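Two complexes come next, and they have one chain in common, chain A, joined by chain B in the first and chain C in the second.
Up next is the complex of A and B:
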């Protein structure tokens, strides 16, 4: 397999984003503002030495800042295009050429993420120097490695989910609404708003078998050192299983969808 | 060797019907209404390697749908297709590397980036060797005269410039089978001619099989010896362009310029009078009577000028379509 075409797809994504200078700058400003808002809100709610729902101020702030960092890593910004491209017929361009559309989108996504990481890194460094927030720093390298690994799983899982949502385009012209509902549900159940373990125990233990907690909550809990090894392994097993399941669903839906594809417009 | 073989191809679409408005959308969500459209309804033909065939039909005849089936974009409802021995819908890499579909209204260029970026991406996608890529690109760029726009973002290009770049992007990998859907759409007369010559040359040089649709009969006349005519998804004619004229238009058009005004009734016996606005007369005369009639005209009428023409291809085709309607 020629990997270079996928590298080029990722690189062109950079070029494309950078082509809109003002858009790009504004987007970064928005990221920083969101982060600052979250930070000031929670640091005002939590007084030093305070404790909320079993989380100390330091841990809660780390959790909240952590979600926005991991969010920018895991959430794919690009694959929403899939549904649009099916409906406006642009998908034809990829079907006609010897390129794997799935890998193409994944490379574009990675290109996008690489960009996020580079700029987030610069911005965060500046913010840390200015604000010096009370943040919990994990020093255990094996936990850091596991956090990173679980982020990779989350990223893959999220991509599959998002791609799958895009494939709805084969069956329905309305891809935006299901996506919107899904994203809202996802933000809640992935722990994007608060740590999931403050939910009642029965709900949380059901939730554990869904893919959502493994997108944000799980990597952060590993980072915070609040999970024992058995729990970490269990989580990795569950999310890997989901990745396999989703992979098969994507493959199946793609094959079925193509039969319905009408290559409208173009 | 057959390059393209189509047997009983059918493609039916289910098209959703919905009134405008949100309420209708909700209703349609609960109770969806579909209508079946028979875009292609049982077409069969064969095309030899190296043939250049014109594919003709009015809007919505099923031309584009057929081309999309042939290039593997659409899953046929029924029938069998072989292109270069492959089943298009399986979209095997070796198949895709040997074909191209150029559509006058398609966009494969990256909108925000200069065309050269798309060309380079295609080089990698099709795994074209460096030297071959450079040679082909140089040839295409100078032929289509786009040297100075290669580095301009696509969104800033004019329709014609974009079309030329789309064309280059589509044939960079030297496909053996080319499907051209309205390739001259939006081009000026000079560019149309250049592109026509390019298609002709490409066909000759690479022994490429080309199937071409166009609304400009000039394109078809200049390029294709064979034409396939379809309407309402059904095949109406498949054969040489010259046979089409012979079979469907066994008459000639005689154009006269009279020296002095005469009564129309004097010319009734000559043939069917298409128009008479003194001094011009246009008469349609059956092919086998043409020499008699012209002799008679020269003898009996005072004419300044006499022209005998083959009927326009466009007229013949219009007649075929109109006959199909009734």
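Up next is the complex of A and C:
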């Protein structure tokens, strides 16, 4: 496998992003605004010494700021283009080239994530200097390694979820409506707005079997040291199972979709 | 008056067209409406949970917080219903189609803003009105004068929303950047889902007066709760008027600098 072409695909996303700098700056400003909104909300709700279901002010603010970094690593992507490429016939270009379309999209996702992580770190550094928030620093190297590992599982799972949504393009020109529902559900159920374990127990217990909590909530819980080893192993098992299930569904949908594909639009 | 009726008629025709386009995919309509209802419902659940854990949020009771959130939705969705065309404006600029707006016997600003109502916003709009009514009933003790002031300040908030959209269009004419600017506006207004009192200074002052999200969304609810001073009401109208005036000036400036490079 020639890795260089995938490296170039990843690097191209940087060039594309930097070609529309104002767009990118606006995007990052939006990310900072969203982060600040949640940060100030929880700062107001959790005064020094306060506690909501085991979350002290320090833990909650670490959780909220941590979602920003993990969001850059897990959620930022380019594979949302898959549905459009199927619908406008551009997919044909990739089918004819000596390139693996899955790896190509994954490389573009990685390029996008790298750029977002770099900017996310810069923004957070500035915010730390300005706001001086009380944050929790995890010093246990095994928990840090497990956090990183769970992030890798999360980004792989998110790639398959996202790719699968794009494949709807084989069956319907309406790829944005399902994506809108997906993003809405993801916003709440991934734990980006608040830690999911503040939800009523029955809702949280059901959610645990879906992939969403393993995208943001689970890695952050590991980082905060709020899970025992058995819970971490259970979470990793569920994430891994979802990755395999999604991988098979994606392969199946891709094979079926290609049979229907007519390069409509070209 | 005749001119006004012409614009109403144009808007009505564009709205019919917009409905026809939306309903070409009924499955898509169902999904979008479901997504919007889910978002509203889940944020309400979030507020209820927070209230259960903390009893009061920055000094407000649950129904008062729901009133702030419902007012945010009312202004947000009402402006989206009428001003959805702004989201398509980038395409008009980069494709050169904006030139056609300039040559027609219609105000290009009107055509760029009002491309027909968005049917997908109607269910949320109705739900927001119901939520406002329910929360006001549960809060109780609302005087008639404060209720009228609420409606007038909501109208002022809509004027500020209109001004924001005009700014976005002007930026689009000058730079071709529309999408992120409009979403930046949406993110800013999201800060008004809860009373701006939760934000620390100087951010609170910034989002109340400089980027008047507070005046636009928080002030109407404060007025109905009897928490707004006469000076604050006066400042709201001045800021609303100045903001709209500045946006129109900026729009005119952008038109003078429009190069029609894409056509």
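By our rule, the second predicted complex is superposed on the first by the 263 of 266 C-alpha atoms of A that agree within 3 Å, B and C clash if a C-alpha of one lies under 4 Å from a C-alpha of the other, contacts with A are read in each partner's own complex, and residues count from 1 in each chain.
Convention: contacts are C-beta pairs under 8 Å (C-beta built on N, C-alpha and C of every residue); 3 or more make two chains touch, one makes a residue touch a chain.
All figures in this text were calculated on a predicted structure; none of them were measured in a lab.
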Partner chain in contact with A:4 - chain B first, chain C second, else both or neither: first
First, second, both or neither for A:90, with chain B first and chain C second: first
Touched chain A residues, chain B compared with chain C: C
Which superposed partner A:41 touches (first chain B, second chain C, both, neither): second
Which of chain B and chain C A:129 touches, first, second, both or neither: neither
Which superposed partner A:261 touches (first chain B, second chain C, both, neither): first
Contacts of A:53 with chain B and chain C, given as first, second, both or neither: second
Chain B versus chain C as contact partner of A:185, first or second or both or neither: second
Contacts of A:137 with chain B and chain C, given as first, second, both or neither: neither
Residues on chain A lying within both footprints (that of chain B and that of chain C): 20, 173
List of chain B residues in touch with chain A within their complex: 13, 16, 68, 71-75, 89, 91, 93, 96-97, 99-101, 103, 105-108, 110, 112-113, 117, 120-122, 124-127, 153
Interfacial residue positions of chain A with respect to chain C in the complex: 20, 22-23, 26-27, 29-30, 33-34, 36-37, 40-41, 43-45, 52-53, 172-174, 176-178, 180-181, 184-185, 187-188, 193-194, 198-200
Residues of chain A defined as touching chain B within the complex: 2, 4-5, 8-9, 12, 15-16, 19-20, 90, 92-93, 95-99, 173, 258-263, 265-266
Residues of chain C that touch chain A when the two form their complex: 25, 27-29, 31-32, 34-36, 38-39, 42, 46, 49-50, 53-54, 57-58, 175, 177, 179-181, 183-184, 187-188, 190-191, 194, 197-200, 203
